[in-house]
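A short write-up of the structure that comes next.
For reference, chains read A, B, C and D in written order, and residue numbers begin at 1 within each chain.
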Amino acid sequence: MDYAWLAPVLPIGAFALNVLIWRQMGARKHALSALTTLAAIGGAFLVFLAVFSDASSHLEGTATSSGLHLIFEDTPWFTVGVSPHLYVFAPTLVVDWLSIMMLGVVTFLAFLIEFYATGYMKGDNRYWWFFSVKALFTAAMLGVVLSYNFLLMYICWELVGLCSFLLIGFWYSERANAEAAKKAFITTRVGDVGFFIGLALLFIKTGTFDMKATFAAVESGAIDPATVTIAGILIFLGAMGKSGQFPLHVWLPDAMAGPTPVSALVHSATMVAAGVYLVGRSYPVFHASSTTMGVITTVGTITAIFGATIALTQRDIKRILAYSTISQLGYMIMALGVGAYTAGLFHLFTHAFFKALLFLGAGSVIHSMEPVLSGTGRNPNDIFNMGGLRKQMPVTFWTFLLASLSLAGIAPLAGFWSKDAILVGAYEADAWLPLFVALLTAFLTAFYMFRCIYLVFFGPAKWQVATAAGDHHDSHSTDHVKGRHAVPHESPWTMSLPLVLICVPAIAAGWIGIPGFSAGFAETVRFGPVIEEHINLVLAGAGTLAGVLGIGLATLMYLTPVSGPRLISESFPAAYKTLYNKYYVDEMYQWIIDHVVLAIAAMAATVDRKILNDRIVDWCGPFLQGAGARLRLTTSGYIYHYAFGFIIGIMAIGVVMSGGIPDMRFALW
Amino acid sequence: MGYLSTITLAPFIAALIIMLIPSQRPGLIRAVALVASVISFVLSLLVFAGYDWHRAGFQFREAYQWLPDYGITISLGVDGISAPMIILNAVVLLTGTIVSFKIADRPKEFYALLLVSVAGVFGAFAALDLFILFLTYDIAGLPMYPLIVIWGSTRKNYAALKLTLMHVAGSVFIWVGMIAIYVQAGAKSFDLEYLASQAHSLLTPGFQIIFFPVIFIGFGFLAAMWPLHTWSPDGHGAAPTAVSMVAAGVLMKLGAYGCIRVGVWLLPEGAMVWSPVFVTLGTIGAVYGGVMAIAQRDFKFVIAHSSVSHMGYVIVGISTMSLVGLNGAVLQMVSHGLMTALFFAMIGAMYDQAHTREVGIFGGLARNMPWYTGFFTIACLASLGLPGLSGFIPELLIFLGAFQTYPIVGILCVATVALAATYMLRLVSRAFFGPLSQRWASLHDLLPNEWFVGAFLVLTLIIVGVYPTPFLDMINASAAPVIERVGGVR
Amino acid sequence: MELSALAFYVVAGVTLVAALGVVSARSVVYAALLLILSLVMTGLVYLLLLADYLALIQILVYGGTVSILLLFALMLTPPETRPELNHRGWALGAVASGALFVLLLVSSLADKWPVAGAARHISLVDLGRALFSTWAVPFEVASVVLLVALLGALTIARSTTPGSKIAPRASA
Amino acid sequence: MVPIEHIMVFTGALFCIGVYGVMARRNAVLVLMAIELMLNAVAINLVAFGTLVYPGQINGMVFAIFVVTIAAAELGLGLAIVLRVYRMRSSINVDDIDLMRW
């Protein structure tokens, strides 16, 4: 298993090759970069397979913990200090079932999404750059997954942030995209400040960033509980930033500004998963403090319901999915908070597949809507501009439907099993409020997903109206000929093939966690002793019922002639507006930035220039000039003035030299 | 002639030769300057390679009698703290020389002054004699005045006067402190090692407590320690490209180096007592520079304030009196020198074309200036402490050092990193992203010499960021004895 | 009191009175004449101090040449129509010189100066020998100084072009 | 012979009179005259010490000769300057020669 380090290194090599060599190859650089990236990520997937088979036979767990294999534990990167205060920084990697699971998810999804992107990004003049950054992105995420040293994890963590910045701002010509990229980086960075402070607190207690030593110190009580609690909450702050937990979620919907394959990767397996993964990986630190666990539960619960309610009213298909992601991440965090370790990570596992599928499906829809709506000035992402697409895009429709059912938690799809595991976990932890919120969220999730499906794939084809209107408006312009009679059509096979392939895990990924059928997940990815899971029929029924109710309500409102949506939005305008405007969190932050941060900065700048600089520093000049102006009056130009001073001085020296005043002589010598 | 004296004298002799070349032959002038900087660079690489990384104490020693009656010897040598500075200075000299090829107005005088200044910096870093250190320190600072006044832009007269006056004000403090130390230690020798050996005998604690702040404030002027930083924005803003690179890249480091070498090393007891005060000033500088940088509208002003912030980290690292922090401070000096050199080289390349440095009026430059965008973005990322680039490891160590002694300071400094992300990404996002306006469509990408400078500095940033081990090994070996004098390693 | 002492007091008294006249006379010509008197009296003091050669030089150089030079200067620069020879600050001068005199008086009389043996006459031969052996270099330097002063005086006093004339500054 | 103290008092008085003259007089030629008085006082003192305190030694007298020499040179130059100033400013009033004030 020592070769696991190849998994992140292969994509890094691909990045270097793309940027340093293929870039110089003229027009061929695009194809070469895409091929190199695909090959590298494919190679990483093969590494995963090899590690997996190795681990199945060699990685022996104990009663209280699953098996653990460390790499580079004794290879220092750099050292500081002198013995006995010698601080060694080693790039330790870990192979255990948690990292193997994530390794598989990331490489599998990244490969298929890259493949999808070869079709989706066709014709972009920075095609090569897209694939280069994607390679780096994958490498950084694999680094997060494999690292068993907080410092190494933080490094990869930051690189993930950088790559998301570059990818979200990929189409930088739009000012809004650039702003979204900046927002993503800075918001996660705010969380990272907390993360780093937490790490530093642990470091000054243990003298190392090594997770093994840190966890041992936490468990043995070598670190005082208060520090563990504070450090835990601060580290969780980092996870909140990356995983889009309330109130640091604001970057996530805006991150839709990137190309859809980026959204798919960011929202399924890589960036947002990193936060949940961090919580899973550092679980000993959190688990040691009930306060920390409470905070995690609270944040997760709020985020789950918060994201779901906002998703109800959004019009942009990608934003609906983005808020859905926020909500589902809240779900996972909540599960981890109540102590359902396996359930939370299980949901991370299954969610990655069906959410990637949803995004790729959405990308497929947008890809086909763009030529139709181009030139009409209407947003190709707006679900109210779509409709009836199931006939034009059957593959996309069926895969999207399947993924939605999985997300809604309908048996026997993947989402059902993981969602059920979370409900059971909350129930067993006696966490009634989270349990209730989880059920409510399940209901809302089913509702907004089917609202989306009905508006996109069923009903009247509003894009025809749109194009007609566009024709009418722009009858004189000639630059949208393409869109005039265009009809949405199914995406090329490079895009639809990944959709079909991801369907397999979206259906079946949950089965490895079916209690009694295959206990693989519960035995391997666990914290503490193996918990024998059993199915709770009441909870399973309630969860499914919530999903079915949500679907039913959506069907009632959007598929039948009842004009429900309009009725509701008009009866509760305030509630509708609040939800549509995402609880005004963005506006609040904007207000804080405008009126607090920038105001303080402007004030400080004024103080610096006007007071510190102009009043104090520059005052030195006039002061010396003034002093000089007064002093120069003594140069009167009269010899007798000078001579008088001269003689007095001579006399003073004479007095001193002759010892006239004994004390003065003492003072001088 | 040893390595160090050759490194120091090469630019100086080149300056003399350049003064003899007729000004009608700018090509020859550039060639001489380039040869001198290449000589210094290659030799400093040799010093770096030949240096025994794990040994404390001074290596590559040279000594020449000068004024024996006053105990002044031209004594040179480097340890793990000054060796990285030497190579940093060589890099800045080389890149500054190359990037200045386009200077058409009186290149002769420009190169002569620049080389004299850099020779002074080399001398100050290599000096093992307090008097020589002070002498070369002033030689390094004074050519800045004509360099800014003649070749500068915007408020150049004001800025040059301010920089020079604040430099000289610092020199007055240092001069007083230096003479006091010399007299107190028996008025026998200016030799730094001799003076350091007196730190626990002739240089009494009472003396150290009085004169440590004098020395520290004196060097703090050049290190842009808050509130003595006000020369930095004006000076960097007005100076021509290569001069900004030298001023921000190495002159500020010279100040911080003096704080370590003369302040902490010679006066450890004073350093212990005053540590909280200077940690506070450093923290204020770090936060203040960050806040200020958000509000700036001029590229150079943003970078200058970020320099104040980063030098605040250095002051914090020095004053924490922890080995980890001091390691970080010295490495941060290297890292910050490289990244500011890159920043100013890039800003200069832009200014030559656009004749403005207003942040807000640019946009979308990534489209027609991809290399420029890449290099500038990498500099920004290094500045905001992205792992894999040079800024991360030193900031990490400084923060850990701060957490060891002053946790509150550590928290404030870490929070400043978020500020750094804000102002740096604002620059990138403003200037390079967004729609490309017609006004800037005609801007072309980097010229070959600028490209070389950019690529070279980016390479150094990556090397220091990915493999800081040799630097940290040598810094650590030499910083440990310094810290042991101030209350032991933690 | 021996004769030479009496002579000294008389000569000293006359010298001082003449000197006072120099600094207080209402007319520049009187001042110049009193200066000549004072310089000649100084020569007599030298004589009394057994420095006969010096006395000779004093009377020749000062009493003759210098006085003539001064009178020439006075003639070449006619006094103003309303001769105000002392200016406003004369009291300051009086205070300073008075204080200085007190100091000198105190320091002269406070210490006991060692007077060794009888005064001896120094022959002109000895003086010449000393000047051209021990003091040869300063002697020659002095001649160079005189030469330079001569040339300098010539250069400075030489007539200039009319354009360089600077109008007197309006009194401040 | 008189005690050396008396000679010192005499030369001191002469010197102070010269100082007063330098400070009080407006006419540049009169200032130069006062300077001559001061030089004379110094020269007398040198000779007196040479004769009375170190009898047989010649240094005092040699010094006095040099003083006379320098005095002659100084006077020549001084008068030249006075003449030049007079020609330029039509005045030899030292109060008017104030180009260097402030």
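The criterion applied here is as follows: a contact is a pair of C-beta atoms (placed from the backbone, for glycine too) under 8 Å apart; a residue touches a chain by one contact, two chains touch by 3 or more.
The structure presented is a predicted model; accordingly, all values stated were derived computationally and were not measured.
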{"item": "Identity of the chain that, by mean CA position, is farthest from chain B", "value": "C"}
{"item": "C-D or A-C, whichever has more C-beta pairs in contact", "value": "C-D"}
{"item": "Interchain centroid distance [CA atoms averaged], chain C/chain D, Å", "value": "5"}
{"item": "CA centroid of chain B to CA centroid of chain D, Å", "value": "60"}
{"item": "Geometric centre distance via CA averages, chain C-chain A, whole Å", "value": "98"}
{"item": "Rounded Å distance, chain A centre to chain B centre (Cα mean)", "value": "36"}
{"item": "Multi-partner residues of chain B (each touching 2 or more other chains)", "value": "none"}
{"item": "Sequence positions of chain C contacting 2 or more other chains", "value": "87, 89-90, 92-93, 96-97, 100, 172"}
{"item": "Residue numbers of chain A (touch at least two other chains)", "value": "637-638, 640, 643-644, 647"}
{"item": "Which chain pairs touch, all of them", "value": "A-B, A-C, A-D, C-D"}
{"item": "Touching residues on chain B, where the partner in the complex is chain A", "value": "162, 165-166, 227, 230, 288, 291-292, 294-296, 323-324, 327, 363-364, 366-367, 381, 386-388, 392-393, 396-397, 399-400, 403-404, 407, 410-411, 414-415, 417-418, 421-422, 425-426, 428-429, 432-436, 468-469, 472-473, 476, 480, 489-490"}
{"item": "Parts of chain D lying in touch with chain A, wherever the complex brings them together", "value": "19, 22-24, 31, 94-95, 97-98, 100-102"}
{"item": "Complex contacts: residues of chain A adjacent to chain B", "value": "77-82, 85, 87, 151, 154-156, 158-159, 162, 165, 169, 172-175, 177-179, 181-182, 185-186, 189-190, 192-193, 196-197, 200-201, 203-204, 597-598, 600-602, 604-605, 608, 612-613, 616-617, 620"}
{"item": "In the complex, chain A residues that touch chain D", "value": "632-633, 635-640, 643-644, 647"}
{"item": "Of chain C, residues touching chain D in the complex", "value": "2, 4-5, 8-9, 12, 15-16, 19-20, 22-23, 28, 31-32, 35, 38-39, 42, 45-46, 49-51, 53-54, 57-58, 61-62, 65-66, 69-70, 72-74, 76-77, 79-80, 83-87, 89-90, 92-94, 96-98, 100-101, 104-105, 108-109, 113-120, 122, 126-127, 130-131, 135, 138, 142, 145-146, 148-150, 152-154, 156-157, 159-160, 164-169, 171-172"}
